[in-house]
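In what follows, subunit A forms one complex with subunit B and a second complex with subunit C.
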Partner chain A sequence: MKHVLGNKKAIALFVVPGLILYVGLVFVPVIWSFVYSLYSGTPGLSWSFSGLKNYSKLLIDSKFHESLMVTIRYILTTMLGMVVLGLALAMMYRFWLVKFKNLIRTITFFPVILPTVAVGQLFRKIYEIQPNYGLLNSILDAIGLHDLVQPWIGQASTALGCLSVMDIWVSVGFYAVIFYGGLIDIPDDIIEAAKVDGCSSWQMFKNIIFPLLRPITITCLVFAFAGTVKVFESAIALTNGGPGSATTTLSMYMYNVAFEYRNYGYGSAIAIVIFLICIIGTRIIRFFDVKEA
Partner chain B sequence: MKKKAMALVMAAATAISLMAGSLSVSAATDPDTSAEKKIKVLSIWAEDSADGKILTGMLDNYTKDVNPNFSYEYEYVSASDLSTKISTLVASNDLPDLFAYSAGVPLRELIQAGKVVNVSEELKAMGDEDKVMDSAKSIMTSLSDTDDLYDLPFGMNIEGFWYNKSVFEDAGVEVPTTWDELLQVCDTLKEKGIQPIATGGSDKWPTTRIVNAYAYRTMGADAVKKACEGETKFTDDGFVAAAQMVADMADKGYFGEGATTVDNTTAEGMLLNGQCAMLYDGSWFTSSITDEETNPSGEDNIGFMGVPVVDESVSEASELPANCGNILCLSQDKYDGAMAGFLQYFVENVGNYAMGDYQSVRGYTYDVDTKDISSVTQTVIDAIADAKTSTAWWEAYMNDETKATAQDNIQSVLNGDMDGAAYMDSIEEAYTISN
Partner chain C sequence: MEKKTITPVDVIKKIIIALVVIVDAYPIFWLFTCAFKKSSEFVTKPSFALPEGLYLKNFSEAWTRGNMGLYFRNSLIYTALALVFIVILSMTIGFAVTQMEWKMKNFFADFFLLGLMVPVATALLPLFQIYNNTGLTNTRLCLVLTYIAFGLSLSIFLVTGYMRSLPREILEASVIDGCGIYSMMWHIVFPLMKNAAVTVLVLQFFYKWNDLLFSMTFISDSKLKTIQTGLLYFENEFGTKDWGAIFASIAISVFPMLIIYMILNKTVIEGMTSGAVKG
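Take a look at the complex of A and B:
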């Protein structure tokens, strides 16, 4: 093995095909987008070099600022929700509902395989207020909480939260399965030993389970970050970015600018910003990993 | 000497070919009704929809009756993807022979780039100028800001408020003719626990049309056009008052709870089922009104009341918002005698075909008997005939960025997150940045 890996030709044989694919599929489009971001207009009609004009426009475009804030709020709430609830569910399978764990796991994993558009339509009905109350408003109305009946996805104050709830509901089963995989890897004797030593549930979680799950948690955070930063189809299906721009995320705004306003240059500049957010976000998450190591 | 003569001959030949070239750009193409050609049609109408049936029906009939060597490939694309599709095809210089497109700014860009056929010139040469209705012509040339037509109408719609007659009767209210009366009727209906108006706030455009309705009634039919041409500002008092009118109506609960979550199809269903009293919509709504499945209470239960007047000296009662829907364009690069043959057949026959088989006005003259058509279609036909002047819709002259802002933020107006002034400020800002 050492002989093979010491051979530069052999290394090249293993690495080069993958590297070419990776460069072709990741780096070339990024560079291409960057070049596009230096142009204005629509290709074929009026396409001209405009230098850094698109980037300076980012500074004064209030819709860009709004969508950036929406994206950041969405990432923080949804990422946290997915990972924390995923962990809680996994703990439930492992310690509490051991007998029913397969059934519960199947039920909570089920939304992961549903098409996003179907989930969007389902939740539109749940949050509905006109012409008839949806499930949520009907329940609130039935238990006498009529004051809480409201257009959940029709007002800026609750729309983003409703979107987060929907996406957490969809993904939580996936994270629970990953965490469960980590939990069953923790040897029973460690947990037994902790119990014998009089460890409380909270102490056991804080000092034993969570530290042992740290690599899994980092992986889940990276998955959740990558999933939430590019949120697009679920927002389209549930709210279509509305009301106003309350749920218009960066990727939706980029799509609108590039493909609906046919302003490919400015759209590419926004894409570059999303790319930078991805890099910075992943670096921040990896920072915790390195610290532990 | 020989060289000089040769140079002269070459120069003359070049000059003649250049002249011929320039002539061929401006001269119309002679229709060829026997040439073999397979054209590409890009449409936003599914083949089984009424629009799709009319378009494919015309293509099939042309092949059957006139030119058997003519065939077509029909590609459907959803309306929301149309501009993306067309801009990609423009960039690759491969526009389809015949394609659906949006009037206004998008079409103007294609005209300026010389990508679409000058339809007026072609129709003039064919002697078919009168086949397109004058009202359609004036709407379309105004939207493209040209003297000539560069597109073909594929609809002729008027817009206004529709009302449910039995709901009005039960509540004991009369059909309003002025905007003040409209507000009074809304108050009465609201007191009686009936939702006065349904609006598809989730689709956004149905609500901006109400802002437009009040704006043109108070500022004149060309108010938005002037603002889009920079003559006036979107922040002028008249526009602010129009947006504020909708904000106040929403605040008083005229549009019901959570109007931003209702799409236009749901709003239409609410009117047809008596869950609300009024709805602002276009005459395309007649197909749902006359369909027994969507309207079990029957077409006679729904009436059209136009747009209530504010000041008759500014805008007469018969003046209504009108549009030609999505239009059809012909690619300049692909246009030849075979296509001219189809164009001639299309403009000469589509008016009668659409009215005779589908009871539909498409922006073309027709001379078939209209005795058997439904009462609601007849109302629309009469309203079109009565309208001496018309106005466009709210976003007709706006560029894409301004249009998106106008549509997105109307939801904030409905929610009470924005007042009329803030709404118009946002449109003015989008207009300034994008220009």
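Take a look at the complex of A and C:
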């Protein structure tokens, strides 16, 4: 047994190719990013060591502040929407659905599998007002709510909300399925017993179901956070950051700084901020996990 | 069971369920109906109206003039190549860090998982620099390599979950029967890991097929572009007026996902509900 499973050559063959790719293309670039962030300019052109200058520039860069706020607002609303609605949908699967269970679960999972850019283009058409009304506006128009017809993604006040709605629409089925996995693990006896004891639905949810789902809720929050913090694809496909900078997220701002203003050092500093937000945010969510364990 | 009477609460439940299904399914249905409309229909009728007929010219426009055929093939090549390697590598690594006996295995198991925390954007600039300096930008190779590297962490995470439950007795029996490590891997481990492989394949297919950030950064040659980048710049090609062709090209990019999902949806949903992801 030992000579087979301890075969050094085989271990090397199994691990090393993947390790090289992983270290070379994931691990090193992240560290390299940090080194870059201490320089200013573009490598090969005006590339000079500037210490922490990029980071102090972050403090006074109002465009950076704007995109940071956009990202935070987006993360909070979208993450909450995904997880809360996902849980609600899972409860619906578990307690309400009698007929067509599988069919409905299959349909509600559909949006999850669609390519982000395709969804972005699709929602662009849904929200459209010019040259023709899109789906949303034409429905509003048809049911007599003409006052509500507006350029949904063409005005700063609604653009970010529209982006959130789109991303929640896409992901909610994913979280519903994960929550559902947890819900079917709760034995029927417990739920029946609670019913016999006269538990109302809300009490049941608050005192029995939710506490049992706590670990899964944490996992979902972590997933949702990791998914929303790097928001780029959906924003670029729906609004391309506009109008103005109403939906310019951190990763988009980084992209613009690096590739349009050709300032790699500063772009890398923003990339590091994204990384830190990712780490800190995950820690905060995990913190709630430990508290009660 | 006592006899059921329909109460108002039941009706409200049914309405809510129906609403949820409509909200999830209708936009996709709408997309397909629009893909069959003539341009003039968008102007004369509200956009939720059904198409007058099946106007297939949209699809041929999208496929040839919009280059969707080319992009589609490119995406397929990148995704398929990356998937083959991701599955093989995550299986072998997953097996090595769970079942094999060596000192550093726990360290490496954790080390690979670190990648779960890395936002793609953080690695983007140095990667671009690496590829630029080695002349790999605008090649198929750089995109495939990146896809593999960034697919590993999640895949290994999923696979190790399955690998841990691999019964030790089977491995022992195979050794007694004279299996070496490679034949054990090929004849015992791979066949038993079919579910893990499918889960990884499906999840990674969605991620890779969806990628935009890497492909728009590393590939500027329009012959090598992926379907997502192609779709993003589609409006520039057709202008904002030609809705039919735009919808047709969205439909083309969505179609393979729907097919794969229809075939595999049971495995996908079961794979997700039964373990690995729950953490």
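As a convention for this text, the second predicted complex is superposed on the first by the 266 of 293 C-alpha atoms of A that agree within 3 Å, B and C clash if a C-alpha of one lies under 4 Å from a C-alpha of the other, contacts with A are read in each partner's own complex, and residues count from 1 in each chain.
Just so we're on the same page, a residue touches a chain if its C-beta (ideal position, glycine included) is under 8 Å from a C-beta of that chain, and two chains touch if they have at least 3 such contacts.
Keep in mind it's a predicted model, so treat the numbers as computed, not measured.
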item: Touched partner set for A:Pro43, first subunit B, second subunit C, both or neither; value: both
item: Contacts of A:Pro17 with subunit B and subunit C, given as first, second, both or neither; value: second
item: First (subunit B), second (subunit C), both or neither touched by A:Thr116; value: second
item: Partner chain(s) touched by A:Pro187 [first = subunit B, second = subunit C, both, neither]; value: neither
item: Which superposed partner A:Thr106 touches (first subunit B, second subunit C, both, neither); value: second
item: Partner chain(s) touched by A:Pro243 [first = subunit B, second = subunit C, both, neither]; value: first
item: Partner chain in contact with A:Pro211 - subunit B first, subunit C second, else both or neither; value: neither
item: Winner by number of subunit A residues touched, once subunit B and subunit C are compared; value: C
item: Which of subunit B and subunit C A:Ile126 touches, first, second, both or neither; value: second
item: Partner chain in contact with A:Ile153 - subunit B first, subunit C second, else both or neither; value: first
item: Subunit B and subunit C contact sites that coincide on subunit A, given as residue numbers; value: 43, 131, 259
item: Residues of subunit C that touch subunit A when the two form their complex; value: 13, 16-17, 20-21, 23-25, 27-28, 30-31, 34, 42-43, 46-48, 89-90, 92-93, 95-97, 99-102, 108, 112, 114-127, 129-130, 145-146, 148-150, 152-153, 156, 171-172, 175, 179-182, 184, 206, 209-210, 212-213, 217, 227-228, 231-232, 234, 240-241, 243, 246-247, 250, 253-254, 257-258, 260-261, 265, 269, 272-274, 277-279
item: Complex interface listing, subunit A residues touching subunit B; value: 42-46, 57, 60-63, 124, 127-131, 149-151, 153-156, 240-245, 248, 256, 259-263
item: Residues of subunit B touching subunit A in the complex; value: 83-84, 87, 90-93, 109-110, 112-113, 201-202, 204, 256-262, 266, 269-270, 275, 399-401, 404-405, 408-409, 411-412, 414-415, 417-418, 429-430, 433-434
item: Touch list for subunit A against partner subunit C, complex; value: 1-2, 4-8, 10-11, 13-15, 17-19, 21-22, 24-30, 32-33, 36, 43, 89, 92, 96-97, 104-111, 113-118, 120-123, 125-126, 131-135, 138-139, 141-142, 169, 173-174, 177-178, 180-182, 184, 215-216, 218-219, 222, 226, 229-230, 232-233, 236-237, 250-251, 254-255, 258-259, 264, 267-268, 271-272, 274-275, 278-279, 282
